[in-house]
């Protein structure tokens, strides 16, 4: 069953990617048009922009989330009281349906009545055009993403932090390590496998980001927050171009793989130094 | 982990406090909105007449079968999480401890990742067809199966990383004590990765709880889940913020509760497993 | 009440309907139907964003459709007509016809497969509109009275009024949708049409020459941008239909054009700070001589080709009932936008809450369907981006129109239409 | 200056008193060996000195400064953990150089120190291995290496050689003492090995259930244990304890045993005493006051232990070289009254003799 | 029946040869002690017997059956791990009873076994504790307890007493031997403690870098070590090794030292030999052939070690009781030629004497 649920759609996807699908008399007509689909891909300006935005979005949001999630995980495991409460509080954002997050944040970002601008007003800062300015919009989306997904990273890493061998950390402390050294030389290296998994799945999820962008900006203003899955949605779904959409989807997978691979290389290059 | 004493204790707690505040402030704000009339929400008023209309509307209006939706979500999320945890931990354990052929294991893990990258948009169609063929369309079973499939990869990967942290020595000792592999898994490895198991469970539950694309297409009015119901408040031309807020609160709270009890259940199950 | 038509006993049916401001009206009418006839109707209510997916899934899959009557937004209808997914209503009952009193909304319910265009002259009847949404101009009656202003008839008057009204960020002089993907195109249509521009030359007769980048269109776009810049809030480039309506509700917006479906919101004290203060008028035009460009954004009810026979019959029976004067009257009373001319002409309009009905009757005369062809969705997508880019200043108006025209041209070439281009505007 | 002053130090682990008021003054450059039965609180005491356990009560001063609330790294301490606590993600080399890199020493110096330490610990072939690919003893040596590359004021060793073979242990003993001298550091060394305790210590501290039983030089403890507990704990095989009664300045062994004259009258009020006599102080004697039946003979090569029972008391006799007897043989053993240790039967306190 | 036959057993850890072809036949009910320097492969060998490490080459038979590919639990083995490997999530009691619950023994019996084991291990007060709240020695005892509640064919002990104090160790030693006898099990016991090795073993196996150096009873190994390695390894302090030259049936110590007559002519071709002489076989003698300068004196209480240098060779002299000398004193020591061990200088092989 599981195989069918995964393999069949995938094969279908590949087949679609080299076809053009139209409907006649309420039935599908598949035409084999690989060249045309690829040409479309090559000349798809918006896809390129979307890819770039997605990469920026993923790199920034995932790295911020990892840093914050790790920080929170370590802080929470370092406190002695209220651990349970804090942990529960910290995972609330992932409990909220993305669609609610999108709409409620767009309300919060509201230019005129949004609570964020209200707050800024109290401390004497002029209201910001969070979602409406091309320079800010992507950042605003990233902020929401960070808020939404940091708990994910936190949860994964917290479980791992709690299992770290205490005597090793004590040994480091006696060896003269301060909190900083313990963090960077002991905890983070020991957490590497968990960080890796968190990074992996956060990156994949970030590459697939849709709900937040769709509800907050729909890719606008202009193309400033256009991301690949939004583009895919428009092509595959709104424009009903299933063949090209499938190819796009495969291109996105390839891009994700490439992205992860580059990330891995960058990671090991960093480690060398 | 870190020693928070004196000065660094202050900073630590301050940072943590700030983090918690930033994370829950929006939620509290949203909860606040759920007690406002829409006009107060729109105007961002802080002083307003509190009302429960949003809640009554969400819970009792004809369009929104919210209690039913919550029930559906509970069923789907709980059942799929249980299955995901069982299958996922077993798979993860066997991958991390049994000597699998490198290519088979690598291929399997790679495939789970790749599958995770596919946009759900392109998957829904085939799934819809499959379930119509086998006569499961619009049933919760279909949704459960999909959620199991969707959330399995992450669970496997996560649990693998947690299992790898278990000292091999301890498992060896259990083998000496007369455990079969499966006993080692149940009685030693699983209890030792309890925090990880809970994390994976929470994530699988949450993802299932919030999954929208498949839930929308594979359910009907009777079997719709919470996210689908909530999405109805984002109607054409108008987002019904009040109802949206109250529905979010209503959706978050059972999830919180369930996770809380779920954790207990997991913990208890494991202790029982260890005793038996 | 006894003048409701008798449609006889029918099997239960399922209607796919989206949540929307007028949903409650529909729900009320369905309840009435059940009460009257004893027939069961279940409503499959989906989020707006899930409509199309569900409708497609139901009609495309093999086997019997779980839905018997589906609600389709007019831009999507072509896909369903052309793909053969709907049963012509006359196939179910040759005697069925839509009453004359029901607005045709620029023939949105008919399809001519040969011409690949919607027209009732030569086409078959595929559906009818359950909701006749169009755009109207809204303004604040109280403020206008106080300042001695009158509703704008031209866009220049809009600008003039707005000088007196615009006082950011307390009040905004004129609101129009600017969001990409949120309806900037629809919001721009009144300008385009009234200035004498259009997208394609003559689709009815198969001429898909792109005429978007005409000087008239440029004029229209420049005016559109000017109004946004001078009279809108700072984030005009991201204002969606919902945001706009809500700005009116909070009392910040003093003039605007928006969909009529929004109107009940203005008088709902739970949602609005301006109860009873918003008035409507026909959209402004390019000049006093030009006619206003009223874009129609209606929905169409159709019956899936793969619905069960009893379902088809039941759906048609419901439709008959639904389109009667009595049903439509009740429909309007419950807060929806009715589709019968005689309901608009009835005593309802005398009621304060239906004060928009007169305007509606005037405006619908100018109503136009904009994309009656299969490439519609792709064209909108292009326009949403380019118009938004022009609006926020990323592109000049000429560049935006040229680019959009070029892409549209490509689309038509690709689908094998007879098409052509204009000489590009100088950028 | 790293004298250590411990005043009324206490530790309880949520209700379990583990250290119950310890007073101890360790002089600068002293080598203290800490011994005591398993679970008596040795590791806990070391961990408190290192700053790894909160101090429940009392005061701890190192080099004159109260360090109760100081961070471990501010105390200038190197420690070998009983559980090794190696950094699993670092090679042996990195494990050993970690503390020096933290101090930002230049790499040449680090290199030299690590090479040297590895040399003396016989770890050179393993420098690039991760701890998980090492044997138990190798791990323990890495733990040792981590401490000895440093230059601390105070060394804490928690059973650092327990997993090493005898030969290596002898070598390491010498290394540790040398290091102690070279660095002019103060050392506290926990061990269960009698030889280590006797040979390495300037003074031995005997801990019993969280309190100090006796502090003194090795031979002081051996020759004049303050109480029965110390007498039994120091020396292996353990001292023989026989019940006896004081009669004037004579000592009657067992119920109706022979009377042993003592040179001086013991200063005590209690009549019931216990007499301790070390296994090596017994000798075969026709007229000996102990008659026992051979139960077990253990041949260690260089010496032999003969275990007998005399009047229901187990007695061990230690003989240099070989000794042959059959199980069940009856043997008469004598002793010199100078070699007796007399303890009050109830309190266990030593009754001072004529020393 | 649990005789163990090991034939040409080999293990390499991805390229590192750790066990290099071991042949060993352990008889049923035998108590084998396995000794060898740290890192020589003792734990690896045990783990292979237990079935925890794959066997790279050779054959392993337990009770006649080849078990190379059997699951650990099918081998009927109980094992104490060097690293303890306690179950962190179970109390001491659960840790100990785990194997019995797996066998679905009835709870009364389990209870009895655990209570008894806890008693003998002095763990009764800690039965409800989790391992992390135990001291090092207590943990080690739990590890021991886990093995001794069981009823296996074969016991494997990997340094099970290394973290216990001397007294407890002596008691545990007895317990283990008793257990071994009661259960009629075969035991393989790894230790670094000379006393344990000498007193517990039926036979000792000396391992050196993954190969067996010698197998024999304790005194065989002590008295007739097969090579220099065994001679040095067995006995603490270690045997003194002096270079010498064979001259007929005489032995010239050092370059120009005195000539020692031997009772029989050694059977060897090599002229250059090394002479081993145990520290306890030296005695002061005016005409002794070794003259050394005192470097260190170690007082152990019951005995004294004097370390001297003679002709650049370090020599240890072991004296029962006390001995006083000043550092730098010159001492002349003699020995009995019967007590000499002679080894070929190049191969280290023992040159058979007149035994």
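Per-chain numbering from 1; labels A, B, C, D and E assigned in written order.
Methods note: a residue touches a chain if its C-beta (ideal position, glycine included) is under 8 Å from a C-beta of that chain, and two chains touch if they have at least 3 such contacts.
Not measured: the values here are computed from a predicted model.
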Original post:
Among all the other chains, which ones are in touch with both subunit C and subunit D?
Top reply: A, B
Original post:
Which chain has its C-alpha centre farthest away from the C-alpha centre of subunit D?
Top reply: C
Subject >> Highest-count interface - the chain pair sharing the most C-beta contacts >> reply: A-B
Subject >> Nearest-to-centre chain - CA centroid comparison >> reply: B
**OP:** Could you tell me the distance, in whole angstrom, between the mean C-alpha positions of subunit A and subunit C?
**Re:** 35
**OP:** Go ahead and note the Å separation of the Cα centroids belonging to subunit B and subunit E.
**Re:** 56
Original post:
Taking each chain's centre as the mean position of its Cα atoms, how many Å separate subunit B from subunit C?
Top reply: 39
Original post:
Using CA atom averages as chain centres, what separation in Å is found between subunit A and subunit D?
Top reply: 59
Original post:
What are the residue numbers in subunit D that touch two or more other chains?
Top reply: 71, 83
Original post:
For subunit B, what residues touch not just one other chain but two or more?
Top reply: 3, 42-43, 125, 231, 233-234, 239
**OP:** Give the residues of subunit C that touch two or more other chains, as numbers and ranges in rising order.
**Re:** 47, 53, 250
Subject >> Chains touching one another, given as label pairs in label order >> reply: A-B, A-C, A-D, B-C, B-D, B-E, D-E
Original post:
Where on subunit C does subunit B make contact in their complex?
Top reply: 18-21, 23-24, 27, 42-50, 53-54, 57, 61-63, 66, 241-242, 245-246, 249-250, 259, 261-262, 265, 269-273
Original post:
Which bits of subunit A are touching subunit B when the two form their complex?
Top reply: 1-2, 4-6, 8-10, 12-13, 16, 68, 71-72, 74-79, 86, 88-100, 103-108, 110, 113-115, 118, 147, 150-152, 155-156, 158-164, 169, 173, 179, 182-183, 187, 193-194, 196-197, 200-201, 204, 207-208, 211, 215, 229, 232-233, 236-237, 245-246, 249, 252-253, 256-257
Original post:
If you look only at subunit D, which of its residues touch subunit E in the complex?
Top reply: 13, 35-39, 41-44, 82-83, 133-138, 140-141, 158-159, 162-170, 192-195, 198-199, 218-219, 222-223, 232-238, 278-280, 298-303, 305, 318, 320-321
Original post:
Across the complex, what residues on subunit D touch subunit A?
Top reply: 47, 50-52, 71-73, 77-79, 81, 83, 85-89, 98-99, 102-103, 146, 150
**OP:** Could you pull out which subunit D residues touch subunit B in their complex?
**Re:** 69, 71
